[in-house]
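Quick notes on the structure that follows.
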Amino acid sequence: MSKAPTTSIATHNAEDVFVRDKSLCHELIGKVSFAQMTYFQVIGKMPEPGQAAVLDACLVTLMEHGLTPSVLATRLVYSSAPEAMQSAVAAGILAVGSVFVGTVEGCASLLAQMLAAQGGLEAEARRIALDHKADRRAIPGFGHPVHKPDDPRSARVFEVAEENGVSGRHIAALRVLAREVDAAYGKHITINATGAVAAALGDCGVPVEIMRGFAILARCAGLVGHVLEEQSKPTLEAIWQSAERAVPYDGKVQ
Amino acid sequence: MSKAPTTSIATHNAEDVFVRDKSLCHELIGKVSFAQMTYFQVIGKMPEPGQAAVLDACLVTLMEHGLTPSVLATRLVYSSAPEAMQSAVAAGILAVGSVFVGTVEGCASLLAQMLAAQGGLEAEARRIALDHKADRRAIPGFGHPVHKPDDPRSARVFEVAEENGVSGRHIAALRVLAREVDAAYGKHITINATGAVAAALGDCGVPVEIMRGFAILARCAGLVGHVLEEQSKPTLEAIWQSAERAVPYDGKVQ
Amino acid sequence: MSKAPTTSIATHNAEDVFVRDKSLCHELIGKVSFAQMTYFQVIGKMPEPGQAAVLDACLVTLMEHGLTPSVLATRLVYSSAPEAMQSAVAAGILAVGSVFVGTVEGCASLLAQMLAAQGGLEAEARRIALDHKADRRAIPGFGHPVHKPDDPRSARVFEVAEENGVSGRHIAALRVLAREVDAAYGKHITINATGAVAAALGDCGVPVEIMRGFAILARCAGLVGHVLEEQSKPTLEAIWQSAERAVPYDGKVQ
Amino acid sequence: MSKAPTTSIATHNAEDVFVRDKSLCHELIGKVSFAQMTYFQVIGKMPEPGQAAVLDACLVTLMEHGLTPSVLATRLVYSSAPEAMQSAVAAGILAVGSVFVGTVEGCASLLAQMLAAQGGLEAEARRIALDHKADRRAIPGFGHPVHKPDDPRSARVFEVAEENGVSGRHIAALRVLAREVDAAYGKHITINATGAVAAALGDCGVPVEIMRGFAILARCAGLVGHVLEEQSKPTLEAIWQSAERAVPYDGKVQ
């Protein structure tokens, strides 16, 4: 570990804040969108216009899907501790993990693995599909309980990437993987929204290592909306009572 | 509490997701920016173009200010638990409270109070300034340890609001309050970035009740960038050791 | 703010750790219980045996009450992000706020206010009861949706305090307050478990300022048990589906 | 996933709460310690007296070690958002992950692996030691930057286990592993406190799957003490300023 670590992200003086050496006041506020600024701060360079458009589309795609586990956690915490809405948002973000939404990272890893494979992309895709099937593991980025046979968001994300000239080797790799997945399972399994977003962000230059961070950001925005609605239309009692009915005590002693 | 609460935010079927009754796939992805989508999902109507521009500017303004307490919490948690970057982001968000950044809410409350005052805006502003001074309480949205005599971000936020035709009664009210604050304290105290953002978002139609949520969102984006940097340039040891030196054990027994 | 803050809690060298100047290895491990150690570390002096017994009783009392909102948050987060059980426990703790469990703090504040009242304890109790009734605010520490007419845990906590010679002016004050509450509302309202615990901990010397911390600790233990059960008997799907049914989309546009 | 999950932990009626089918009011409050109750609620049976004593010792051992990363996160969040001390405690708990304290889980896994090894405990220990050395990975439960050559807490935990007749095959396995680690590295590497606790809790019947939960609980108690001290002796400014000095901006553009 470096004895004297540094940061390249930001500094400030009395007259300005500098983010990656650009003046916040003169070069950024009012000149770049929130998505552009996020890409710039995280990745370290300003996105091309096409990349910015695709990033906007990806964040819009992942923001909202109704009363998901992360939304339920946010609402339960908000109505339990209304003194601190940041707690409620944080609780929802804690649920953006390896099972939901955070799966963008798992899918992005597979794509990176395919793109780096010595033996070629297709062979690697086949191996991935067969291995997951053999181990009965879900393939990150594939399958959806509701959006069948196809997740409509994925088609739309690919379309936006295409329109903006961003569709590249990650989306192509995902399509290869999808073909091999269908072949391995002997049936069509949809590319879900997190799969499509993983590929589209990959083509925008977002590294695997921080992919999940964009999913967290998208959901963060959605959670804020649920905090506001919970204020006027509280759902805690309904969630609590229905959960108690759905998960009864069985009195089993070890 | 309503016996049968409902949500107006989102629903879905196999073919689409609907957010506030708009088709996610056909009306939103690729058509609106992340900031527009956030406003739409949270507030319930699509922002005017000028409002969207100001919202972008406000989110850009609050995203980053170097190694703030929330960034430090994120970095400490990330390097302690790299298995779950959502934990690190959540830890940082927990620090967006009543003292830093979350002060947008406190300032927005004062502006709402002024705008609703029976006795007129100016009298209310004077009363607020004098009361805070008498109680030696900081006025939310005012003062900054570094950005003196003026916070450069605030001027820029007001400019963007002006350019976009959004500058209205909240920004005007904040200026009245600033005049009264200077008079009460007998010296110039800057309107800081959270003060300017509170007024600008108020003029965009963001209610006080969810103002803090936009500050949380802006910081969430910034925290993601610090997670990525912490991966390659870990700071945990440096923060830890310097904190141990800065806060020594005094051995005092009660 | 002090320029050179110190800590009085702990230090260490190669041979030992010192907590409030006692040797962890020679004076604490194997010599004091977890509850005693907690009291010692937090309050700064070793509890009397009776205080330790009452603290144990209070922590046992608040640990578990079935599928409460904090438990639901923990289970939802655990099954969404099993890579990091600390996230799940943290999410549940975020729900120990001003509405549930954290109400020990609210009740403790009222007792402190009564004990400090110039005009006497009884008059202050009457004023508190009437004020809350007039404002239609719940009185922290009073009332329970299930445990009616009386919360059985409270009677037991008082009994343990009595048996251990700890029952003092806080429990006495709570009884006065209860009498005035019943009078003000014209009906019997139970002292609930958080009310009883607030008084009992007050008589153990726990200051109001950190009362909520003991409730957090008790719940933390309970949440750990729910994480283990969630591993073998996952409830996420059942909670999620029942919540979606309980809170339907209403399609209302602003 | 079970269509109709149940819980075996708790239920309640007007007259009582039942935890694993024992009456909270008549069989638990005032009759069992906090540590006993925790074991009972989590594991599903009441601990033997010796197991309870060892559990107390383990929780006391892990509670406090000065200004660790989790304590720093708690203090930063508390002084940023004093409106919600549960947020501060939760932030600290988020840092009880795979790197610090949560390592009890990693060590417990190794011990379980040794105890299940077909080829015998010693051979497995040797393999583990050599593999970690070859991969330059830290062995969970071994090594400490300060407590050299030996972690004094570990010796004490083993002693307490011995005195209480709980020392069994997990502690024995850890000693075998320690011998092989020293041999593989050609020097003495201490068994640290989390290693000793992993073995002692294993001998108390705590499964690997929830081992980290006990570390979280121990630290939770310690964090509460730091919240109280932060109220009267705030450290945020000192931590923040020293971190900014320790991690300067380097102005490097990608």
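We just call them A, B, C and D in the order they show up, numbering each chain from 1.
Just so we're on the same page, contacts are C-beta pairs under 8 Å (C-beta built on N, C-alpha and C of every residue); 3 or more make two chains touch, one makes a residue touch a chain.
No experiment lies behind these values; they were computed from the predicted model shown.
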Longest centre-to-centre distance from chain C, chain (CA-based): A
Winner on C-beta contact pairs when B-C is weighed against A-B: A-B
Self-contact between copies chain C and chain D, residue sets same or different by half: same
Rounded Å distance, chain A centre to chain C centre (Cα mean): 36
Between chain A and chain B, centroid-to-centroid distance (C-alpha), Å: 23
Chain B and chain C, separation of their C-alpha mean positions in angstrom: 31
Per-residue multi-chain contacts in chain A, two or more chains: 5-11, 66-67, 81, 83-84, 86-87, 90-91, 94-97, 102, 235, 238, 246-247, 249
Complex contact set, residues of chain A against chain B: 1-2, 4-17, 19, 24-26, 28-30, 32-35, 37-38, 41-42, 53, 55-57, 59-61, 63-67, 84-87, 89-91, 93-97, 102, 146-148, 152-153, 155-157, 159-160, 163, 207, 209-210, 212-214, 216-218, 220-222, 224-229, 231, 233-235, 237-238
Parts of chain A lying in touch with chain C, wherever the complex brings them together: 66-70, 72-73, 76-77, 79-84, 87-88, 90-91, 94-100, 102, 235-236, 238-247, 249
Of all residues in chain D, those that touch chain A in their complex: 5-11, 18, 20-21, 43-45, 81, 83-84, 86-87, 90, 246-254
